[in-house]
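Following this message is one structure expressed as structure tokens.
Per-chain numbering from 1; labels A, B, C, D, E and F assigned in written order.
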Amino acid sequence: MSKRKPIEYAKTSPAVRAVFDDIKTRRKVKDVNNFWKYLAHDPATLKRTWESVKEVMADGALSPLVKEMIYVAVSVTNRCRYCIASHTTSARKAGMTEEMFGELMAVVGMANETNRLANGYRVPIDAAFD
Amino acid sequence: MSKRKPIEYAKTSPAVRAVFDDIKTRRKVKDVNNFWKYLAHDPATLKRTWESVKEVMADGALSPLVKEMIYVAVSVTNRCRYCIASHTTSARKAGMTEEMFGELMAVVGMANETNRLANGYRVPIDAAFD
Amino acid sequence: MSKRKPIEYAKTSPAVRAVFDDIKTRRKVKDVNNFWKYLAHDPATLKRTWESVKEVMADGALSPLVKEMIYVAVSVTNRCRYCIASHTTSARKAGMTEEMFGELMAVVGMANETNRLANGYRVPIDAAFD
Amino acid sequence: MSKRKPIEYAKTSPAVRAVFDDIKTRRKVKDVNNFWKYLAHDPATLKRTWESVKEVMADGALSPLVKEMIYVAVSVTNRCRYCIASHTTSARKAGMTEEMFGELMAVVGMANETNRLANGYRVPIDAAFD
Amino acid sequence: MSKRKPIEYAKTSPAVRAVFDDIKTRRKVKDVNNFWKYLAHDPATLKRTWESVKEVMADGALSPLVKEMIYVAVSVTNRCRYCIASHTTSARKAGMTEEMFGELMAVVGMANETNRLANGYRVPIDAAFD
Amino acid sequence: MSKRKPIEYAKTSPAVRAVFDDIKTRRKVKDVNNFWKYLAHDPATLKRTWESVKEVMADGALSPLVKEMIYVAVSVTNRCRYCIASHTTSARKAGMTEEMFGELMAVVGMANETNRLANGYRVPIDAAFD
């Protein structure tokens, strides 16, 4: 048995509940998504991850939309099914259109292809890029 | 001996030269970078890759800046040294500031981390994301 | 049709049965798990893999518990669902507590993150590490 | 030009210096290693990463030695040259012998191999592991 | 909601239908497989990808059988479940026997293992290979 | 100091020397390449890996040429620089022409691209492939 169960709000310890409450307030959602309910098995990682996500994904030099699309690009490259599903949803909420999604996938596909062409041909870095 | 040499402009066949000329004209550069000089060993792949890159990286629903940053995100995740160097340079030319680069790296790092947390905790996809 | 079926004990050839018997004896289990029932389609790979696993996972300078946790760390990084499930189970049998699992995941997540920060910032190796 | 330069202690801002000082004190080193000198280009990521590393790598249910070996396992799987070099060094300082290193590599190699066998044979997860 | 639906033939635009018709004719199939029905959400990527696949997978210096097995090798390494299933099927149609599949998996597993041993031991490239 | 030194033939223990001798005889080379000189730090892994490589890479249902190209495909996907260099050399010795190499790279690039398109579009496996 390697599968855990999600920890639901009603059964959280005070430390976990404080994080869940902050997620719900910030994101204006009624319940937190499964990712947090599973991380709740380790309250220290739950708290550290949420604090980091809040800081990293905040509006800044890059918009939340661009950040969510970068998240999708990484998750697709790594094939994390959960993260592809959740961050595609977040990117849409942040304004990603179907056309943007198509272009995002096209760039991700092309980068994964040319990464391997550069590896296989053992291309040395140009002085201009170094 | 597994290392190839770059094919310099003066030694290109007409088919390769036509691609090199198009790259130079479109990008307003005096010479093509090493990636193309190595792909020139296979003129069909050179031409197909260049035509695809032109189409995929063109201004569209996503700007060239956003596309270059997505390229960097994938290349950093895959650790393609050549592509990290060349596309970081391209992203800067397209307007990426140091602050944007910092945020880009922060998102890429975070996504690579949470991808593994989702894998390891075997988090099921929420109905709302499916 | 690309899916194979598992080869059950009753239908094994003598060569496969000898490996299955050794697995059952060593691990004190009534039946081998699916991984071996599928590898049984290629008896040479079945035997070579089992002999290697026996040697590599044996108690040595590192304990079976530490080895199983390293197995989980790699499988989570590569997102091999089967191996995450099976080796998390093995790690627990070898003594991994929930607290240890939480710390294991935290380290795996952090390493995947800083691997990419090091890639993206193109950090050169310090003389002291070389 | 995509390469940054390391930010040396003498040229740090107060925010960066505070982190560098904490690293130097905690680790009893005269200077921080390159990873931190490059992250210093983004003080927020520098601080967040250091605080996370401190928390995650602290002695706990798993010892610093085991944690460093897990770090190496992930870095080798991802081929992060910097992290392989730095965390192999840290693991040795924490007590890793050459024999332990050999067993660590053997497990990492084996896990990367069987991960792909499980993928390719499309092995379904046993009920006992689920 | 991040899941798209496949675009069925009867509902395709003329641009998509032209690609679908070419796939059906070339491959002598009654319907295109899901990969194309999903790419149809982005007609430009659908067309570019199909034209590239046609060119790359054509009989040449390497046979279609060898090319399909290389496709499987990459997909297994990356753990792309869809591509493992579809290209294992294609490889079989092109003549891959069960024995060949077994050897293919054995090489893929071994390469993934020794790739990590080379990384972890930080083996420098021999002059003879450079 | 994390770098090891290669163990040269003259300094090998009898157990290591027996493996080195077998490699030299089988491959008709005057000296073993660096990979084996580094694995020699762990004689058990050296011997196990060499025995496995001998078995897996032997002529069988797939030719040594095809096996070496599959090795290159995996190594390029994982970006293992050492393995790309050494197995490209081996593939050439086994008969790989420049044209074959070009097609190999084209397939590897394309597979890495479509793997991500399948991931990102979350394409379900067709019944016909399952």
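In the analysis below, a residue touches a chain if its C-beta (ideal position, glycine included) is under 8 Å from a C-beta of that chain, and two chains touch if they have at least 3 such contacts.
A quick note: this is a predicted structure, and the numbers were derived from the prediction, not measured.
**Student:** Hop across touching chains from chain B and tell me the fewest hops that reach chain F.
**Tutor:** Contact-graph shortest path, chain B to chain F, evaluates to 1.
**Student:** What chains, if any, are shared contacts of chain D and chain F?
**Tutor:** Touching chain D as well as chain F, we find A, B, C, E.
**Student:** What chain is the most remote from chain B, judged by the mean position of CA atoms in each chain?
**Tutor:** The chain farthest from chain B, judged by C-alpha centres, is C.
**Student:** Among the chains, which one keeps its Cα centre farthest from the Cα centre of chain E?
**Tutor:** D
**Student:** Mind checking the centre-to-centre distance between chain B and chain D? Centres are C-alpha means, answer in whole Å.
**Tutor:** A distance of 27 Å separates the two centres.
**Student:** Measuring centre to centre with CA averages, how many angstrom lie between chain C and chain F?
**Tutor:** One centre to the other, that is 21 Å.
**Student:** CA centre of chain D versus CA centre of chain E: separation in Å?
**Tutor:** Spacing between the chain centres: roughly 34 Å.
**Student:** Quick check: what residues of chain E touch more than one other chain, meaning two or more?
**Tutor:** 1-3, 41, 44-45, 48-49, 52, 56, 77-81, 84-86, 88-89, 99, 102-106, 108-110, 112-117, 119, 121-122, 128-130
**Student:** Going by the contact rule at the top, pick out the chain B residues touching chain D in the complex.
**Tutor:** 79, 84-86, 88-89, 92, 98-99, 102-103, 105-106, 109
**Student:** Could you please specify the touching residues of chain E with respect to chain B in the complex?
**Tutor:** Counting only chain E, the residues touching chain B are 1-3, 44, 48, 52, 55-56, 128-130.
**Student:** If we count contacts the way the header does, which residues on chain E are in touch with chain A in the complex?
**Tutor:** Residues in contact with chain A: 1-3, 41-42, 44-45, 48-49, 78-80.
**Student:** Using the touch definition up top, name the residues of chain D that touch chain E in the complex.
**Tutor:** For chain D paired with chain E, touching residues are 72, 76-77, 79, 81, 84-85, 104-105, 108-110, 112-117, 119-122.
**Student:** For the complex, give me every residue of chain A touching chain B.
**Tutor:** 2-4, 33-35, 38-39, 41, 45, 49, 52-53, 56-57, 60-62, 66-67, 69-71, 73-75, 77-78, 80-83, 85-89, 97, 99-100, 102-104, 106-108, 110-119, 121-126, 128-130
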